[in-house]
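After this come two complexes, each holding chain A, first together with chain B and then together with chain C.
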Partner chain A sequence: MAHSRSHIWFVGPAVILMFVILILPIFVAGIFSFTDYNLGSTDFRWIGWKNYEALGKYSAYRKMFTASLTYVVIVVPVSVFLGLGSAMLISSLRFGGEFYKAIFFLPVMATLLAMAYAWEFTLDPVMGVLNKVLDDGCSVGWFYKFFTGSWLGFNPTESWYGGLCSDRMPNWLGNKKYALGSIAFIGIWQAFGFNMVLYLAGLMAVPRDLYAAAEIDGANSTWEKFKLVTWPMLGPTHVFVVTITSIRSFQVFDTVEALTRGGPSKSTYVMVYAMFEKGVKQNLIGMGSTLTIVFLGFVLLLTLTQVFFINRKVHYS
Partner chain B sequence: MKQRTNWGSEAGKHIVLIVGALVVILPFYLMLSFSLKSPSEIQSISGGFFGAQEMMIDHRCLKAGRSELECTMLPIVYNYRAAFEEAPLLRYLLNGVIVTLSIFAIQVLIALPCAYALAKLKFWGRDVVFGMVIFCLLIPVHAIAFPIYLMLAKIGLTNTYAALIIPWTISVFGIFLMRQFFKTVPDDLINAARMDGMSEFSIVWKVMLPTAIPALLAFAIFSVVAHWNDYYWPRIVITGDHDLMTPPLGLRMFKSDMDGNEYGPMMAAATVIVAPLVVAFLLAQRRFIEGITLSGMK
Partner chain C sequence: MAEIQLKGISKSFDENKVIKSLDLSIENGEFITIVGPSGCGKSTLLRIIAGLESQSSGDVIIDSREVNKVRASERDLAMVFQSYALYPHLSVQENLMVPLKLRRLSRLERFPLLNWFLPNRRSKIIELEEKVLQAAETLQITHLLGRKPGQLSGGQQQRVAVGRAMVREPVAFLMDEPLSNLDAALRVHMRAEISELHRTLKTTFIYVTHDQAEALTMSDRMAVMMDGEILQLDTPNEIYNKPFNLQVAEFIGSPKINILPAESDDKGEITCMGLTMSQSLRSPKQGNILLGLRPEHTDLLTSNSKNCFNGKITYKENLGSDIYLHVILKEGQHKMIVRTEPGKAIDTKIGDTVKIGLMVDKLMAFEKNGQYIPIKSES
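Let's turn to the complex of A and B:
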């Protein structure tokens, strides 16, 4: 081994940058989270845990946790399920798999902010295509019957869609009943293609002979083979997909900032948006730092959970 | 055991996938379609995909004092012209290119030597440095964006190219990835280079770099896509200076500067911003999928 000092020049810049850009800011946020500092004033006071207490005290912050958690709880299971489902369908096709794969992956690639505006126009209460279809559907027999559930014997006027038909179509992003759901829908649309690709790779790695072995053991139906072989063999993929989707959904910002700005009545007031609003727009440095620390706590918790599960050996091979 | 194709179930799968594909494509379709149609066709949801392409008069052009003949144009021309003339769209695109390429170049410049040292050199403190890399992998830059912004504001760097680039100069993921890759390069190759009298410095750039091209290409796609599309960080550090805005931020400003019903030009601008990556993706799908899911394949 050569005894040169070149490693200092090789490692030095990276170590300095890691420290200044990734580690130091955590301490900066940690320190300021105990102050009432804001950019307008020249000095600040130490206020102890007051910023953290505020998170539990004010309804705006409680709504923030509700919005963030609800968003994650909707987006993660649905996009993981759709990712796995589409991967299994695509991998079992005789032909055309590459085509669907490319299409489902498009939203992962495309600039989310631009696509958020495209969705905004699609969901527009007056000029949007979605409401036009729903509106026209009220007078189309089979469509109306299908969505009101009257084909199952429900009373059509009491159903959700029937109610919309006799009143008017929803303002998807402007009504607090629907806004978070609509934002979550865009999130799912954007995320599931990524999960699909990871699952496709995971499926490729499942040894074919395991299916034959399962058949010998009497697992004949597709469902039984899935339960016995596919699902458990995908163990590491599940852990990774769930963790990365959770972390990414916690970080949702673009769609919220562009389409709802946290509203209506704070129904879409997610954490990263709150951090941006308090810290950057209102210059409340103490509060922005507190939110940063809490947010980082959530992200670390998710990652450590992942590490824990991976070390527990989630599959047997 | 050979399975016969069950054409019934094959058709069923295609139907499900086609319905899914239609939903996925819908906003792309509408974006492109709106960028081609006239305002009245957009408002009344008519005209199909291309619109009737009837000549229309650009009112802003008339107000600027030009003749009616000059201001009569096809809706498609109107939309794209407005996108490029009403907003400095070319400037935004140029900024996007400058920022994404600078970030990638600096990331490689910092990460490659570090990865080489971690993989192939023995020195005091190596495990500590590697431990630091692993720890930093847990910290997403978006999560600590606010304190980074504070520090940049303190030294007066907001509203500069530097602010857009600095937080991304260190890619611990890049270091980790390249280290794993360099581990697989045989020591003999490096020893032979040392025998030839090459310095460690030229070993990094003349021996290791060429072996790492495939891994670097995947990392390039990963990095460029992420930063071309990033909206959160530019939104924080660039306030008001249009000359520094990246494409997504520019689109945001374009929307708030436009009148309420300028959907055509808006969607024309959105199309122009989304197009480069989508086209590149369609041309080199496998590489793109590999690059973007890189973080998932480690």
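Let's turn to the complex of A and C:
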């Protein structure tokens, strides 16, 4: 066969597009990360690793890593276990499963930015429905007893809720003690529906015969069957869910932008928000690029861990 | 070892009655096969015995203990599944250990980490490993112990599934079409091995299959099940030679039995397509009947004979040792399958007209509705 060059025409456009759209921007960001380029200025200087050194030097960036990692560490395990738990509960239902699926999946479908405003109203320190309930709860006997832990014999005035009752309800988004936790709570609320759907799909793929075999083999409690069949058979799903949730949690931005703008005192200053602040708001392209590259490094690390270490252990054939 | 009795078992899924008031009594150490076409309820019946499914009514009795309310895990039965249902994340050895660990170790001894501090655990585990090794040796799978099920061939997985069933010495084995995922040659081989295993273990085996060849070759007794009922329960020989009705006759035997229309007169004399048979009915009854004749009870004839049909060959199946000729009979255009030796059929071609001889003493007679009619044995 004569050498035809038609393959170039088939592959070429895709390769060029991939390069221009995906690879080139990363490459450019990599270059910019070694400069002090500002958007609008006509020239820039090479400053070597100074941008990267700044990440370690300034407390704002240290707070950024703390905020991002804390957020991931809270959101990933909680939303994964909630997702698994709700998926198992729903799949054990004889009817009504579709109803719960729809409800838990709603936050995933809704625009997070719009939902963030709804949360802002809920969490408002004065008018918010949450603080209203907590405030009124102080004078409801059983509610007060339950949340102060006095039904377990604790001293109600020393407890967290007891303290709030005698003082005032927290400013969920404005207090640096609570802000990241509140953002993480919204993140969990939003993410676990998605994880639930993934787990539901995973549970459907577990062969029924394995449960029958486990029962015959003497696994007579739900817990034994979960240990012997459900948990290991969900292996590939676990890896996928954890990876996806970690990456998505690293990417958290809309809630921060809408509710706290990184504050108070940088307690919710997550990486993507920092990127946005430096690169877009302050036009510091050099620093923005540096953050982008570091962020990319984190995500790449997660993905590679999945591919090289975990995937081998969870695919059994 | 166990005696298993089913009394008036019925099962419905919604409106659909899958099993209709079924009685079955299985003796200690017996190899019984439940055979029937797919959808006849045989797998459901097995799952009811196992306790994986609950019956709508009736009793399951194992060793004179009524177990209707007893969980599957407490019935002390073992089951081999069609899909093998091995735990894919565990090695073969761990798979075989599962039933032992779940039954012989206490909850505390199975608790992760904590169990390391329990004094007797180590010696118990060693004892169990010994049992696993014994089972593996019986099934010749010792070299596979370290592998995962995904790395095994179908036949090997099958052995592991049997191994997992036998390690803990259950009172009975339940097998749900265990060979149907294997290729033909291996299936024949495993048939012999499972029979052998039954002889060694001397335990009750209940074996469900849709393959009549498995049922005929392996069982002490077989139960032919159709539409949720057991039509006939007897030794393979009896069922093959004296089927309860036409349905059973047609289901058991491969190729299928030939069915031809015939008449009987008031003396019980049978005439089939102009040919008078030397056999007659035990209790004479005038009317139309059906005659059944298995392919191996027919043959090609070289010379004319009294009992002989003429027909045209439409298809020829050469199996090496036998040749099956599909023939359309001249009289009445009925289809028939004739077994013959290769020597006799070597020159025949499709389209040839041949003479077919019948072994009349093997004839079976059925009413129009399928009921078996006894034939007077040759005097």
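Criterion: the second predicted complex is superposed on the first by the 296 of 317 C-alpha atoms of A that agree within 3 Å, B and C clash if a C-alpha of one lies under 4 Å from a C-alpha of the other, contacts with A are read in each partner's own complex, and residues count from 1 in each chain.
Here is the rule we use: a contact is a pair of C-beta atoms (placed from the backbone, for glycine too) under 8 Å apart; a residue touches a chain by one contact, two chains touch by 3 or more.
Not measured: the values here are computed from a predicted model.
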Would you sort A:Ala212 into first (chain B), second (chain C), both or neither based on which partner it touches?
both
Contact-wise, after the overlay, does A:Leu228 reach chain B, chain C, both or neither (first, second, both, neither)?
second
See if chain A has more residues touched by chain B or by chain C, and give me that chain.
B
Quick one: classify A:Phe143 as touching chain B (first), chain C (second), both or neither.
neither
What is the contact status of A:Ile21 with respect to chain B (first) and chain C (second): first, second, both, or neither?
first
Can A:Asn220 be said to touch chain B (first), chain C (second), both, or neither?
second
Give one of first, second, both or neither to describe whether A:Tyr52 is in contact with chain B, with chain C, with both, or with none.
neither
What is the shared patch of chain A, the residues that chain B and chain C both contact?
212
Per the contact definition, I'd like the list of chain A residues that touch chain C in the complex.
207, 209-210, 212-220, 224, 228-229, 232-233, 235, 316-317
Which residues of chain C touch chain A in their complex?
47, 50-52, 71-74, 77-79, 81-83, 85-89, 98-99, 102-103, 148-151, 164
Name, in rising order, each residue of chain A that touches chain B in their complex.
1-2, 4, 6-7, 9-11, 13-15, 17-18, 21-26, 28-29, 32, 39, 82, 86, 89-90, 92-94, 96, 98, 100-115, 117-119, 121-122, 127, 129, 132, 189, 193-194, 197-198, 201, 212, 240-241, 244, 247, 251, 253-254, 257-258, 272, 275-276, 279-280, 285, 288-289, 291-292, 295-296, 299-300, 303
Residue ranges of chain B in contact with chain A within the complex:
1, 5, 10, 13-14, 16-17, 20-21, 23-28, 30-31, 34, 42-43, 45, 110-111, 113-114, 116-118, 121-123, 126, 129, 132-133, 136, 138-151, 153, 166-167, 169-170, 172, 175, 194, 199-201, 204, 225, 228-229, 231-232, 235-236, 247-248, 251-252, 255, 263, 266-267, 270-271, 273-274, 277-278, 281-282, 285, 288-289, 292-293, 295-297
